[in-house]
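Two complexes follow with subunit A in common, the first pairing it with subunit B and the second with subunit C.
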Partner chain A sequence: MKDRSSNIAGFWFVLPAMLVVGALLLYPVLSSIFFSFTNRNLLKAVYGFVGFQNFASILQSRDFWNAFANSMKWTAGSVLGQLVVGMLAALALEKIPRFSGVFRTLLIIPWAFPAIVIAFSWRWILNDVYGFLPKLLNAIQITDGNISFLADPQLVFGVALAINIWFGAPLFMINILAALKTVPSDQYEAAKIDGASGFQRFWFITMPHVRRVIGLLLILRTIWVFNNFELLFLITGGGPAGMTTTLPIYAYRTGWGLRQLGMASAITVLLLLFLLILAAFAFRLVSRWERNPTK
Partner chain B sequence: MIPVLRKLTSYSIPYAFLGMLAVLATFPLAWIIISSVKSSTELASNSLSFWPRDFTLEHYRRVLFELGAIRNLGNSLFISLSTTVLTIAISAPAAYGIVRFYPKVGQRLTQVLISTYMFPPILLAVPYTIIMITLGLSNTYFGLVLAYLSFSIPYAVWMLTAFYQTVPIEIEEAAYVDRAGRVRTFLSIASPVILPGIVATAVCTFSNAFNEFLFALLFINSSDRMPIAVALYSLSGSECSTGAR
Partner chain C sequence: MQRNLHYPNRTLKALALSSALALGALTGGASAQDDLSGNLVFWSSFTQGPRAEYMQRMADKFTAEHPNVKIAIETFSWAEFNTKWTTGIAAGQVPDISTALPNQVVEMIDIGALAPVDDVIDTIGRDRFYQASLGEGQKDGASYSIPVYSHAQVMWYRKDLLDAKGIAVPTTWAELKDAAIALNNAPDTYGVSVPLGTNDRMGTRYLNFYVRSAGGTLIDASGRADLTSPAAIDGINYWVDLYKTVSPEGSINYNVLDQATLFYQGKTAFDFNSGFHIGGVKSNTPDILDDIAAAPLPRLNADDPVYGGETSNIALVAWAVGKNQPAAKAFLQSLYEDAEYINFLHSVPGGMLPALSGISDQPAYLANDTPQAVREQRSRDRSGDPAGLCHRHGNRPEGSGRPHHQPGRHRTDVPGHHSQRHTGGGRRAGR
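Up next is the complex of A and B:
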């Protein structure tokens, strides 16, 4: 079996997938880099090279830095919020003696629906004319007149963030819960006998067992939330006045709204570069964290 | 009596917390389902009542038949099914080939494949748009399915590799003794063993394709070819977004 002919046979098994990955991933990424140096327009086939002009004008644009800051706030807030809520939910589920399965099923529900359903459900609840929440706040006399949660500049970012935490926390919960099941219970009893406090037990027994899962989840979710376009786009459309415009939404507007595909390419290339740096940094941090438990 | 009481209070906090989360998790979706069977007059009234006063399927009838959402549902099914079939047909041989013929390269390769997870979809959107204009694939099902293969194949190969690794080499060697060729062995020995894994991969692929929004929004622009998510999005601009998802 282990001769030259098996290598040739194997080649034919793998070839179609390699071709697809080459044509649909490698080539597009390279061509995206290529177009970031051109003034390609969505509607015109003719284009020319502009060197680093796209990058220069993006880095000088206030809209870009606004989108960058929004992306950072959006990603950090969402992922940390999802971690805290997911962790607390997992700990609570692990503690209760009965109905744990029922609660687990109910709490996974937000994660099980596509972005459009999530976004429309919340937009309906928050709707400033018919929405349940504005009417409820009026009925219990907290507010006087309907609040428009998704149009108010002071509220919109926090509201969108809360929806994303609501959506993503279940994933943290089920993965942390799975990791909690691996903690041997006799360690807790031994610690109790030695007089360890609740916090000490959590920090020195629970945390070392779930640290790896949390590290991995943080990295994967950070990348995903940073790249995600549709949830925020469907909730707010990036508005009002660019207050919830993140980098993917900014690139979408530049490329398909303003039809400047070359410029949009440059934005997405910057996005990828930033992610690569972030990921390299994060993976190093997590592997160090795994080696030194108390740091 | 006292220990029971103490136990009760020590559990009451997690129960209260989980109860609150359960309400928060289920209410928005429950509310939109309830709203979808309420009449327009009741929706416009200032009522906060949970149960509908007069139950109606009018909104569903309107969305599905008058606004053509049934066709968009069909589009979604067709696009997702095509993506799933092509993905499995291309990924299963690749995963098998990696496990059986290139086990050493395989590990590196799957790492590379999973790192494609990091590519922002919006980064691929620009070149895809240009490719589709050039090849005349914009506004076609085929173009959209091709775009979906870009993320579904790396994911499926990665998942299936893990499943093919569990197939013991001994049963394949028995097949070789019986003069089954490599393709026969792959199709009728190794793949049936991991059928549950293939089904799981297919389900994930299908649901990812069904839920995808960005590529569908960019590449399909006539409403009779739109998948359901994009159709609902374009509907919400003109109509009030009540009714079914």
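Up next is the complex of A and C:
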């Protein structure tokens, strides 16, 4: 009886916070779902229900599928690249006997800057007329003329991806480094005595300890990068000719450029559904790792 | 829809006197009975230092005269303003007054977001505004915007580069192409940059110049975009050709600022922009200030008449939801007092052209170096000086606009709606 009354009291204490968090989380999601079934214009108060018409139009749109493909490439390339670079940096820092704190600080610098600073800095560095890098490559005769990194169809996506990897890798590095600190050193010593190679020590000792951290980072970063708008938009604006237009940029252009809020909401609902499926799958995988660390 | 009022001189003087008295009554200081009060929010897109400082000074001055009125100025770039007001409308979070581009004014009027400002215009003097600029903010006989300045697009060029090659200032598109190819010395100097980024409408602006020169428009009589007319297709091919030949490859992503920066830094031989280029070059590369000049937009044939490709009338508006409209309107009026208005125009010399008649001839306006140079040059131009529209500090950009305005060639009247002189709705590259 006492437990029940204390539970009720606890419920009343957390209720305000639950309501605020619930409203802040649910309102945008629910309003997006609601507007996705309407022909709502950003500026006009009057609108009507159009059923699944927005979804049908979007799914038949070549621009949507182009943006979806770009989002997939952008997310997979960014997250895997960040994982590899972050992992290598973390392993290197773990081995450095002196000044590792200094290097750690230097390596985390990209993560410390706002996206707008990163984007404009890189745009300035890569500008094909007065940018530092194209001029340098031209001056030392590696290239014939100034390369336009952000306009060349062969380069633009890879260059934007490289910037995002450079930007996001420190988060992986710091978290993996923290996980590496928890690995008991006697396990490495015992493995060494048993004649295990460097790769075997990494795979059978290091990886099981950092796998859970990596799994969670992969899930979080996948969601963040898939939803990321500002960095790519500020670097390329989605161009040239839609080559770097991802789903968030496509939704922004539809909602704010064309004022079609109903259509933009439908795009974000599709994006949400896709991410929910992806996250559910990923969480199941991580749970399985936790239950059975050897698999 | 558009009012055409013609007053005899005596009436004008009387109107001016009564306007001055009315203005004096409204802004005459706290000592008189002051029924103006309230907290005003002003969204200003005058981001550059001198213009922003000017607006703050005017707000402070107004508050000093009307202690019950407080004005909070929030400054946004035009791109930010576009996002801010469109989302603000849905949430009911819009200011009392703001700056606005002409295409934004049309959208704002359409959704009933603006308060009529005929009383302010009448007090300033309706006949002092250019009718076309007033017409852009009118619907059903009511005015919803007050033009604050204009800027017109002209062709800017580097005199020194042309002189070095012995090339005359191009007057046709074909001559421009030949000259741009001759002056192209990439990566040091490009003939011309063709901005094709999708974050603003610079590419559309360039295409519009070409289509206008052919006597066409990008918006047809029904208000729809027409990109398949022979003139539009020729124009697209022309600019694509120039992009491939003499433009930086990166200009496929350029917006208005990227584009202007190249000319400011002396990286392009030709460019298309307004008088804002004078200040831009002056602050970025003052060494080449004497080497820049402007000429009318190129034509299809040399004997075609000079035409106005685009004149933008930047406006001030009062929002309908504002709870303190008398104070908001009084503040708007205070910005048009001749002496202060001239100070405002001088905050970007040559960039902002007066929206009011009777300003450009005033000694105070001409006291600034740039308008005086423009005036001298225009005199030389009228007397047959063949070297273009300017020598020292650029031209009066409206040289390609109003003075040569030819009815029927410069504007498209969208049936049943607003007078439109440009390429139609949508976000335009503002300054």
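The definition used in the following text is that the second predicted complex is superposed on the first by the 266 of 295 C-alpha atoms of A that agree within 3 Å, B and C clash if a C-alpha of one lies under 4 Å from a C-alpha of the other, contacts with A are read in each partner's own complex, and residues count from 1 in each chain.
Operating definition for what follows: a residue touches a chain if its C-beta (ideal position, glycine included) is under 8 Å from a C-beta of that chain, and two chains touch if they have at least 3 such contacts.
What you see is a predicted model; the values in this text were computed from it and never measured.
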Clash-or-fit label for the pair subunit B, subunit C on subunit A: clash
Touched partner set for A:N146, first subunit B, second subunit C, both or neither: second
Touched partner set for A:L42, first subunit B, second subunit C, both or neither: both
Touching partner for A:I223 - first (subunit B), second (subunit C), both, neither: first
Partner chain(s) touched by A:R259 [first = subunit B, second = subunit C, both, neither]: second
Of subunit B and subunit C, the chain that contacts the larger number of subunit A residues: B
First (subunit B), second (subunit C), both or neither touched by A:Y130: both
Subunit B versus subunit C as contact partner of A:K95, first or second or both or neither: first
Subunit B versus subunit C as contact partner of A:A17, first or second or both or neither: first
Touching partner for A:A279 - first (subunit B), second (subunit C), both, neither: first
Location of subunit B clashes with subunit C - one stretch out of 41-49, 113-121, 167-175 or 221-229: 221-229
Common interface residues of subunit A - those touching subunit B in one complex and subunit C in the other: 42, 45, 130, 135, 256
Subunit B to subunit A touching residues, read off their complex: 11, 14-15, 17-18, 21-22, 24-26, 28-29, 31-32, 35, 43-44, 46, 48, 90-91, 93-94, 96-98, 100-102, 113, 116-131, 133, 146-147, 149-150, 153-154, 157, 173, 176, 182, 186, 210-211, 213-214, 218, 229, 232-233, 236, 241-242, 245
Subunit A partner contacts - residues on subunit C that touch it in the complex: 82-83, 86-87, 89-90, 107, 110-111, 186-187, 190, 196-199, 248-253, 255, 262, 265, 267, 427
Subunit B-touching residues of subunit A, taken from the complex the two chains share: 1, 6-7, 9-14, 16-18, 20-21, 24-25, 27-29, 31-32, 35, 40, 42, 45, 85, 88-89, 91-93, 95-97, 103, 106-110, 113-118, 120-125, 130, 132, 135-136, 139, 166, 170, 220, 223-224, 226-227, 229-230, 234, 248, 251-252, 255-256, 261, 264-265, 268-269, 271-272, 275-276, 279
Residues on subunit A engaged by subunit C in the complex (per definition of touch): 42-45, 127-130, 134-135, 138, 145-146, 148, 150-152, 236-241, 253, 256-257, 259
